[in-house]
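You will see chain A twice below: alongside chain B first, and alongside chain C after that.
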Partner chain A sequence: MAEPAVTQDEKKEEEEQKVVDEGIEVGISRLTEARIEQVINQVLNTETGARLKTYVNTCIHCGLCSEACHYYMSHDKDPKWSPVGKVKQTLWEMIRKKGRVSPDFMRRAVEIAQTECNLCRRCLQFCPFGIDIAYLISMVRRICHKLGITPLYIQDTAHSHSVTMNQMWVKGDEWPDTLQWQEEEARGEFPTLRIPLEKEGADIMYSVIAPEPKFQAQLIYQAAAIMEVAGVDWTMPADMGWDNSDMAMFTGDNEIMGRVKRTHFELAARLRVKRIVMGECGHAFRSVYDTGNRWLGWSHPPIPIVHAIDFYWELLKDNRIPIKEKYPEPVTLHDPCNVIRGGGLMEKARYVAHALCETVVEMHPNREYNYCCCAGGGVINCGPPYKLKRVKSNRVKAEQLMDAKARGAKVIISPCHNCHSGLKDIKNYYDLHMDIKFFGDIIYQIMEKPE
Partner chain B sequence: MVDQSNWDWETREKTVPMDPWKDKFNWVEEPYASPDGEHVAAVVNQDEEEFNVCVNGETWENPFEKIWYLRWAPDGRLTALVSDMAEWTVAVDGVPWENKFAYVWNTLFSPDGKNIAVAAQNDGMYCMVVNGKPWETTFQNMTYFAMSPDGSKTAAVVQVEDFGEGEIHKFQEGCFTVAVDGQAWENKFVNAWNMAFSADGTKLAAEMRHNLYDYSIAVDGRPWDKVFQCVWEPVFHPVTGSVIAPVRTGGKWTLAQDGEILWEGRFLQAWHQTFSADGETLAAIVSPRYGRWTVAVNGRPWSVTFSTLVSDLVISPDGSTIAALAKEDQTWKVVVNGAAWSNTFHMAWKPVISPNNRHVGVKVEKQGKYTVVINDRVWPQECEAAWDPVFSPDSEKVLLRTVENGQYLRRILPVTEITG
Partner chain C sequence: MHDLYQFVSGPLAWVAFILFVGGSLYRMIAMLVEVKKKEPFIFTYMSLKYSLRSIVHWMTPFATYNWRRKPVLTVVTFAFHICLFVSPIFLLAHVTLWDESWDISWWTLPDGVADVMTLIVIAGCVFFLLRRLTQPEVQFVTFPSDYFILAIVAAPFVTGFLAYHQWFGYPMVMVLHVLAGEVMLVAIPFTRLSHMIYSPFTRAYMGSEFGVIRKSKDF
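Our next item is the complex of A and B:
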């Protein structure tokens, strides 16, 4: 297999790049050892239960999980990047020292927890005891949140959630205005198309993440076109709660996570929809399907959540999207952690890929064993300062993609926003020359449209 | 409240054919029935970028380039958010407010319908607009909105300090507060969220966060002395004027009054606390244990619990009837005073309690067909659309508004015709 191309300049760039994150540094400057000790013990004693204790007591440090981690594999198996290595450098040390760790220790701990683990749970697949490293790293993030040392970019996003209930400071008027603009645009192609706003009693509420109205409004256009062609009874909310994303979940600000998720579910309940269909986003799925709902006391989502993969599967299986001709370019399918390991949608994703595309080249490994994109878990949301580390920490992904490319794949399908952005950075850094698409892009391109 | 005694409670049936609308217009959007049931209206498309509102077959005098959020005010006036030449305003019975804005949204009505308010944006600045008149002060951002029960006051959560992209520490100093009629509170908070006015409209309470961790309730700008791990939206006691809010303490939820713990019980969740009009009964939706939901009345949970969701809690003014919806997997139920009805549904709407507190009526849907249920007896008519039932002031009759076979129907039935 060919080695991914990394130029000398880029290597130099990496050496030159020393990350100074104001979110972390200002927070660290305000810390005292007493405060650190108090917060660590408060979180460990009152916010964790049997699960943490079991994990800590059960792990035999066998290292079977190490090769699961793309960070470890991409850094020549340096143990400091292994799943357990990361826990050793953070949580175990905090437990061992009963919270008596220094501000410098916390600086490194937050860097590991927020930028060196994607909470992708690949390592969980390989642990004989089912130890969930992602859960342990999440606890570190919670401690860092409570200490006020979360990286700046993602903290800003959590602030946006707290004010606007969306992740990109989209204001109350900008959201419905954008939907109406997309509706108007789409009427050029589908003269009677509607994006039905606030239609109580519709079958489905369609929810998206805030980057869509902010930067990728064409995705809303495409979704509306698909709904129109498939004859779906749907609505989009005009009110707060339309954004299903959740960076507060990834900063450990559980209270804001809960508030954002409550707003989302209660909005769907107010609109009396049967189901919430969400766009192609993975972390949002984790938040509404697993983490956020549970924090609120809902053991499962109070209104069923259907990920776009599942929804497209349903529409294609029922022949509700007439296809002109299949997508001709050979594609490969990236399995996003949160919907595959987290939601079990691997076979449905393949059904959709095969229904839409002439040739599907499998990546290896795939399905629940697929390598993470290294963007998820809030890592990409920690912003440009960490970009180089992020792409360099996923050389294995580049190799995996290159292998799929060598077997003919030209296009990567990535049914997740975070993966999309992460894979784009990887493809650029390693000169992969592959296109990246959502399922929605392909459906929109090949479906029959009015003349 | 609107005086319903002068509505027609005698004529058994009135109809408005709606099928012809489909031929007259390019398309007809979802219909809305007036509160008294005399009119049915829908946004209709007449031409490219030409929309109108059709009411009982007649369109408003002037079309608009865009129309959305068609809603009846409680007093029977019909409102919509309308746009021409990229300017937005509210049209009331087809007549747009004189003042125009870059955008308007989130229509609010006072219960008597006399006051209509919207959130508005002009030149990137935000304010509330009441009956066409904007606040004198505008703000750089505005998030949550509220109107006093008599409609004379409006409030919003507003941004009062600048902070740039990524200025997280400036943000954490507190850049938000609440403005009432454009007048911002002096205290600034990291966040403020849902608000509630007192019954007489003189006081306002809001959820707030001092920093990233300490939550409380601010009343007229002054936070409670106590802080909590989290809070949900406050309500005022209808008689004493004290403020009650769900608070999270020790990882569990309960209710607090004016900052002091009110209920002894601790729950996995507690929210949507609601008072009877006499203030004697206080009920809330609670989760007594993980994954189970019910209603607690004056602190005591009903013995019946549900797995998926409890919502739409309503209490009669005297507190004798408490109703809510409950969901188990995909099945919706109606629960009254702790007992679930035997009929179940694919969807249900907020229960309506009759003025004599004795009947509970609910709009429901099963297999795509809509009808109304009163006291667990299903009205056998299957409809294409239906609206909430309205009981007559003497609680003897019920107004039913439906669409059947492409025709809108307004029916007055004796309640006993459904309940037997």
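Our next item is the complex of A and C:
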């Protein structure tokens, strides 16, 4: 299973992989060469500067970044999937032709930029010059955004951000209703539990991504239970801005990214909280901690941002979560790019894993060298049309997991929503038969609860 | 031939050195000015500690994950780059020329050692050429200019080597050598060989980003 031979079926699947994305096709049908040229040159000449130029001029075309990329490794080292190979097929060509590229070229460019790179930044660690391929690819996304050829599904989430300030079209009243519903449910188990709405001056504002209220409300239940047991002074906002996720960041729609992040930070400022604690999500962390805040001109988040891993680490270190019994099944820990390579939480994640579980089996490579899940960077948000490509492009992750499984791991801990969903698809496609959990699931399961 | 040699090693050498030094300074300053103008935030992230952490790791063989993963290439590229800098600077023949024209001189390599270092540089060029021809991931991103750059770098070493051993047509080879050396110097600021000028900056920036914001390793 680790290295499936190319069979007739697989050939067929390759054919099926040729997807038609309405968002791209309609956008392409409206393009003219003149418009493409104008947009490319506008982005390259006015929105970018010495950074992009220096990266392009310094790259010595050595290919040393190739083996960083799970796409390249999963496609038998076919160079069209290598980091620099993807830049060659997109940005270099745009620069070389001074923007005079065809609509067909742009169709392929958007496919590469939005569905064949997770912006996971692993290749940044491999390039001897530290050339930021993820930045270069996100500039291609920016161009595609301005040309209106972003894939349909992710564009829909960006629209949702724009209209509702959340990713999933959650309507104004659905949000507090969901919180109230979870509070009521949880009070069956924890009689004094509250989900304090709009509590000004609380220590912590807890924020989540919109898929939680939409599909995974039990995660809010679990978070509330952990807050209750640990005796945390917390609050959740009732107003727009509660969603910390950000797909606009991944479509190159920086303006909407800025609006969404500003709303989020302003909400926390209005509630006068000391810190924002966020659920187990990686891309949201990148948006509030690294990308969105900077676009708004804050070099560091204006209100401290604490990722769930960091928060659980604090609680566990201070013995604030009483544990009945450690989680018995052997687990393996996935290191999500955005909080590990992007936030340095690798040792804290391990502290939490060891504090909670009897046995932790390491994947290899791990920590900041871990392979991406292939779902992040907005790739999974491009939707079902690209699912097959996505799972096939991460055979190396399946091999990593299989190896951990061979050494006893039964459960994968993935402290990131994107990784969670991506790994689920991978384990199903490659028949891995492992469970996937958040840290929150495990804490909730093993902590002491009132009788 | 003598006049030609005088010309290439006289006025033309001046031109080459001026273009090399001036061009390098220009590229560096132009870059910094543009950063200041369009992306000044970059300066606010720069950290001396993490810049040096990154540069030192990448300048040390096997000190980075990728250098460890590619042992052969690592040995070749370090040997190549070290010899590339050391052999011409400390070559007796070169230092003699500096001494004659400027009355300055410094320590020099024994000729035999310089000869071996020259061969190492040439071998390095051959290695890079073969890599480009045979490795699909390198081939895919190769342009004619990449071969051209390799040739520009190889030329002064090949001709220098031939001149030293005086195997054929010494005066002509000597003229070619000086020309080749000058072409290479001028090419540094104006081709991808400018990685010499830019690499400390790109490394420093990535090192700072990883150290200050991402709190993880970029090596």
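In this section, the second predicted complex is superposed on the first by the 437 of 451 C-alpha atoms of A that agree within 3 Å, B and C clash if a C-alpha of one lies under 4 Å from a C-alpha of the other, contacts with A are read in each partner's own complex, and residues count from 1 in each chain.
In this section, a contact is a pair of C-beta atoms (placed from the backbone, for glycine too) under 8 Å apart; a residue touches a chain by one contact, two chains touch by 3 or more.
Just so it is clear, the structure is predicted and the values come from calculations on it, not from any experiment.
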Three-chain arrangement built on chain A, chain B and chain C clash or fit: fit
Chain B versus chain C as contact partner of A:299, first or second or both or neither: both
Partner chain in contact with A:61 - chain B first, chain C second, else both or neither: second
Touched partner set for A:196, first chain B, second chain C, both or neither: first
Touching partner for A:25 - first (chain B), second (chain C), both, neither: neither
Which of chain B and chain C A:85 touches, first, second, both or neither: second
Partner chain in contact with A:347 - chain B first, chain C second, else both or neither: neither
Touched partner set for A:239, first chain B, second chain C, both or neither: first
Touching partner for A:272 - first (chain B), second (chain C), both, neither: first
First (chain B), second (chain C), both or neither touched by A:72: second
Shortest CA-CA distance in Å separating chain B from chain C in the superposed model: 6
Contact residues common to both interfaces of chain A (with chain B and with chain C): 299
Of chain C, residues touching chain A in the complex: 31-32, 34-35, 37-39, 41-42, 44-45, 54, 58, 64-66, 69-70, 73, 135-143, 146, 192, 194-195, 198-199, 201-203, 205-207, 210, 213-219
Complex interface listing, chain A residues touching chain C: 48-51, 53-55, 57-64, 66-68, 72, 77-80, 82, 84-85, 88, 124-126, 128-132, 289-290, 294, 299, 340-344, 346, 367-369
Residue numbers on chain B that touch chain A, as the complex places them: 26-27, 29-30, 45, 48-49, 66, 68-69, 102-106, 119, 121, 126, 141-143, 159, 165-166, 168-169, 171-172, 176, 190-191, 193, 209, 212-213, 215, 229-230, 248, 250-251, 268-269, 271, 287, 290-291, 293, 307-309, 311, 327, 330, 346-347, 349, 365
Interface residues, chain A side, partner chain B - complex: 22-23, 26, 46-47, 145-146, 148, 152-153, 155-156, 159, 162-164, 171-173, 176-177, 180, 184, 187, 191-192, 194, 196-199, 201, 238-240, 253, 255, 258-259, 262, 266, 269, 272, 274, 296-300, 302-304
